[in-house]
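Chain naming follows the written order as A, B, C, D and E, and within any one chain the residues start at number 1.
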């Protein structure tokens, strides 16, 4: 649970705008990488001093400054000062409990969203916060840890002289957003496989592990929803606003991204409905199995109850010598076979009765 | 489950606009058919080279280019280049996991929707993606497999000199959309029959098969909803926008189509409510049957418990010779009849008690 | 179920605008009645030839043409041609699976709604489709069968020189709509009585019949909702649009009608909540009764189990002669009374224990 | 149930605007009271002839005409004619099944709402319909019975030369509305106490009476909601519209009234959630108690089953003389103590086993 | 429950604007503290006479008048008169059952909201009402008790010459609001820990205490929602309206505050979903444990039933001397071992059968 709030409460009582890292300390060291490119050239530098970053920014080229790790407040504060970012925005970057949102500011756009990764070890989803600041000719990105998602984009930047190198910072931002949304699909596909597996399990031999797994999935979906629904608002906000920071040519791309987000939401909701349905199936299959067991008890008990009674009856010690009315059956020649026959007849009659009633 | 995402994840990490077929490979070979007609003439050509298609388009006539099968990316890419279609739109056509949507572009409209067919073998619904691109004087359609739905329209085009031959590409598009929506009604009618059957089963002898069938239906309806609700938005979008690609005379037809879609949605929702109701009835009828069985046990057990106790009582071996107080009943002249009578009396009393309490 | 779609699927594959009767054949023969009136005079004619109808329409008078029975397509098509009605509208009139809607056309208004009647025999609701076309000086109405609802209005037209004779076709249409909505109240009142009865039954002796009746009511309400919610939209559409076909003086009447519809919706929703509540009560009362039965078993079984054990104990055949430790109780002078006393004591102790625990 | 519709159906078939009292006949006789006041003077008159009322209305003073009892249609019709009220409005006044609403007419405002009173006898809520017609310098109010709510306002009018005497008819109407809304708070407070009581009961010894009471409360809340939600619309309608009948100075008061209504809605919804929660607690506490009872049975039965079996075993009549293998235990010196010891050991072992498994 | 309404009903029947304290009497004495500051100076005065407060207000400085305790109506009324506050607003301040709201008045803003504190003793949430009146150069705040939240802000005012001293009354109001919202995070974090603990308990040994705790949490969340959802409206209202009382520079801060509120709502909703999920897990784990217990009974009973029957059989007293058919087994040489063997065989067969059926 703590992860939902991520120590947000330790800020209580501090004046607004106080810069404190709220969240898990994930990356070992904070690293700042500057990628500077235009159609012709591409340079990549590891920067020690945040203040040096500003000098990279030049007209007609794109500077991408990526920060991995958020726990060194000073580094991020320095960057913030260099690029004229409002302290409240810096506060938001440091606070990893943010809800995805878009702030349209005078000189830049601030975007915060969640990146999801399927953790093969725990079978759960890892969420990490990503902040983007899109300015004129530069893009700042802040991640909790260095990850594959952004690396793939960097590789594309390095190796091929493709579309991305011909475009501005807005297209770079879009590409990163697109890769984050693609990550959602990967996560959903893994969950889809999990659901497939659970459905097979449900048809075969469901046990409490199945139940816990379904509940676990339901909860993962809850967290996924919390990331994706606000992302939809963010993207429709980007589409609606005509900030010069996102060029006209981007409209088509933003709509495409928006469509993908809708698809993610759609699939998440479908999965939610499916897990709900699976829960129903689980509960009814468990109660069905229980019923089967109880039916066997019923059958057995009800069949043996009268037989045991008859055995008890002829186990009574009435003095047969005292009167001809006292248990004359005990002295009959075929007394025992008669008793056994009576029992068999009653037993068979009950089996037939139950069969007819379709009880087993 | 995989079908919900259809391998969408394999695109993760690729730059946006990468053309990859996402979905099942359904059609054997990709076939491109060009139908060209005006009020007077009608020609139908199987085309090998996608680049040839463009030459068919002429003013005052309609060219319908239909592609069956989406897995040959090159064919569709060539068509896209010929007709100036944006790579992101081509990407959408190839990705069969689309949510129905309408893109209003400068030179054409892009429509994607789902076609449903009741599969007699599995008793489930097959969904197939259909893309339409409506341009000035031409219509491009893309299906995953060749199917009956479009064939019926083609037959009408060929044989009779009817309304459809006198109208433009917009009317052709409308006719195809109308046939797709009509297909929804066929599917719903089959589901309706299934529900009828299940309701009869529910009243008679519901078993776990019934339950699985209800859950299956619920899930089918879930997928149907995913196709139809966005289609509503698509059609209301078409109605709202006054693009010259859909002539003024089409308004009445679009409204009619919209009404039909609302009817499909309405029926789907009604069916959903009905299956939910059936689930309730199933569960309560199962628990009712269970209760009946348990009541019989109660009755039997409770009636025989005191009788068996009495039999046990007179089976005790107290030495009647040691004292006149030790089980004198055993030596009574009518001891045994007395014991049997006592048992009968107790048994009858309990039956009467239960009858009065209305327990069976 | 089939009634929900009413054979709608048989239209699949046909071109849009194909005129086919979709629905049950209800009326024996199709009859066309023309009522023509102004403040002074009133004439009523049974018409054979649909084409004759047009001639009745004159300025400053109202012509009401009513068609009972929809299965003779030719009659309705002829009427449609006479009054310049769009083929798609004619198609809607013939298709009895319509959702209530309002089409505002150039020369007339097209309204379709559902008429409900409580069927005393089945205890269910009968729904019938009614179409109204309101033109300048005339009103066309189409019903599936001749019915009481419209007859009452006709009687008012005939006998008294009242408000309705002084007003135009719009007021006549309003009066018919009002009588249809009044019909909903009758149906709701019957359902209300049914609910009253079921509630009494619930307090007394609920059985599976009660359950089926509640489910049946829930489903009836589902169908009622499907008629009334869209009617609300129809009426608010009528209020919003300022078509000359509905005079200014009608605003007050339309608002009144709208209020009544809201009341019908309100009551339907209340009834829905009530039936849902009744279902809860039913289920908990059934499980309560079950619990009572099981408690009796518990009580009986638990009390007799130790008694039967003691009886079994003293029924053991240990050789009392072999040792003084072997069941000396059997030879005690007060052995049997001691055993009986022990049983009674244990039995009473358990009864007291259960009473204290408040178990019965 | 009938009260929800209140005989509304008897209007079916009548022309719209027919004046018929729909509802229970509550007041003994219909009484019309006229209160006429300005800042200086206050007169109160019991009026026989409705037609006399009009003459009281003068500029710069307020005339409040209150009608208790709605079953004498003629009285209300006469009043309606005197004050130029539309027949449909009169119809609404007479029909006590109205949903709260606001009609903004040319010369007056028509407001209908529900007054609630907690009935100490039945422990339920009584609802009564109140209609207000606000005109220039006069206010007409119609109640089903004379009641305390309005009397309190009248007392304030009589005794003190306060704010209310200095203001117009709009302020009087506001005061009456305010007192009605205050009445909702009284009702809610009583329900709150009831909920408090039920919660204590739930923690102690819930029985079916508790359940019925919870269901009853749920239903009362349902009816309360039906009154309050539309009232919110009425008040926001009053705020939005700038009719001269409600002076500018009233805005603040209307907002205050609106806030109170929101508070009533809020509390009603909270109570609804609470009763729903109580239902859950009830059901789980009942099933918990049931489980406790069943566990005792389990414990008892399972412990005694093997003991009874052993007793049965040594009650078998194998001939010990026929062979040394035939039940030699019966002739052992410590046979009986051995059997008793075996039973005790098994019994204790099972108790320990159950204790360890934490089953009781 | 009473706390939800807080004696609101005692106002029924009083004229609107009557000043009465509605709520618990919390603070011992009412204390009025005036803090007056500008960038240079800061003075703090305990005021006896409310009328003296006005004189502190000067241009270019901020006067913060804080009232702890609401039960002395006269004090608050005097303040109200001094600062020209509408009687209805004073009424709202005194009535602690307010729903959070914003009133934009001509000369000041009135804000009412709820402050939450986690009560370590009861483990529940304490809610307290806070009213703010923001005027030109002054801020009035009204609390039920003196508390830590505001004290922290006061400390900041006193000690450092920071941002807050350079800003106006609007920034002070914002700071207070921010500290209240931070308080929500503290409460949520405590609830989060509680949920963590409960989840661990659920996996281990859930009992009825767990259940009551979950229900308690659900209800706390209900009350929290009632405070936070309307606060969202309040803040978005503040953002939308451009009153001069909130300077332009505040927009960024208000948006930040709004974002925090959204986060609180988000977390509350997530917690609600989680508690709902926990309830499901609780119920299914309880029923699972129950099932395990019942299965043991089934196993035991079903295994012993036939064994006990056999024992009963050979306990019958048929006269073996009367016929060779009468229980010859009793005289067999290996009769007893045979019986024991039969019993063992049957018992083992059943155990194997159950194992195969996977029943235990």
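By definition in this document, contacts are C-beta pairs under 8 Å (C-beta built on N, C-alpha and C of every residue); 3 or more make two chains touch, one makes a residue touch a chain.
Because the structure is a prediction, the values reported are computed rather than measured.
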{"item": "Number of steps on the shortest touching-chain route linking chain A and chain C", "value": "2"}
{"item": "Where chain A and chain E overlap in contact partners, by chain label", "value": "none"}
{"item": "Same-residue or different-residue interface between chain A and chain B, half as cut-off", "value": "different"}
{"item": "Centre distance in Å when chain C and chain E are each reduced to the mean of their C-alpha atoms", "value": "42"}
{"item": "Two or more partner chains touched - positions in chain D", "value": "294, 301, 308, 312, 315-317, 327"}
{"item": "Arrangement of touching chains [line / ring / star / complete / other]", "value": "ring"}
{"item": "Ring walk, chain B to chain C and onward", "value": "B, C, D, E, A"}
{"item": "Complex contact set, residues of chain B against chain A", "value": "1-2, 4-5, 7-9, 11-17, 86, 88, 91-92, 97-99, 101, 103, 205, 208, 211, 215, 218-219, 222-223, 226, 279, 283, 286, 290, 293-294, 296-297, 300-301, 304, 307-308, 311-312, 314-317, 320, 327, 329-337, 339"}
{"item": "Contact footprint of chain E on chain D as seen in their complex", "value": "152, 156, 162-164, 174-175, 178-179, 182-183, 185-186, 188-189, 192-193, 195-196, 199, 252-253, 255-256, 259, 262-263, 266-267, 270-271, 273-274, 277, 280-281, 284-285, 288, 291, 294-295, 298, 301-302, 305-306, 308-309, 312-313, 315-319, 322-323, 325-327, 358-359"}
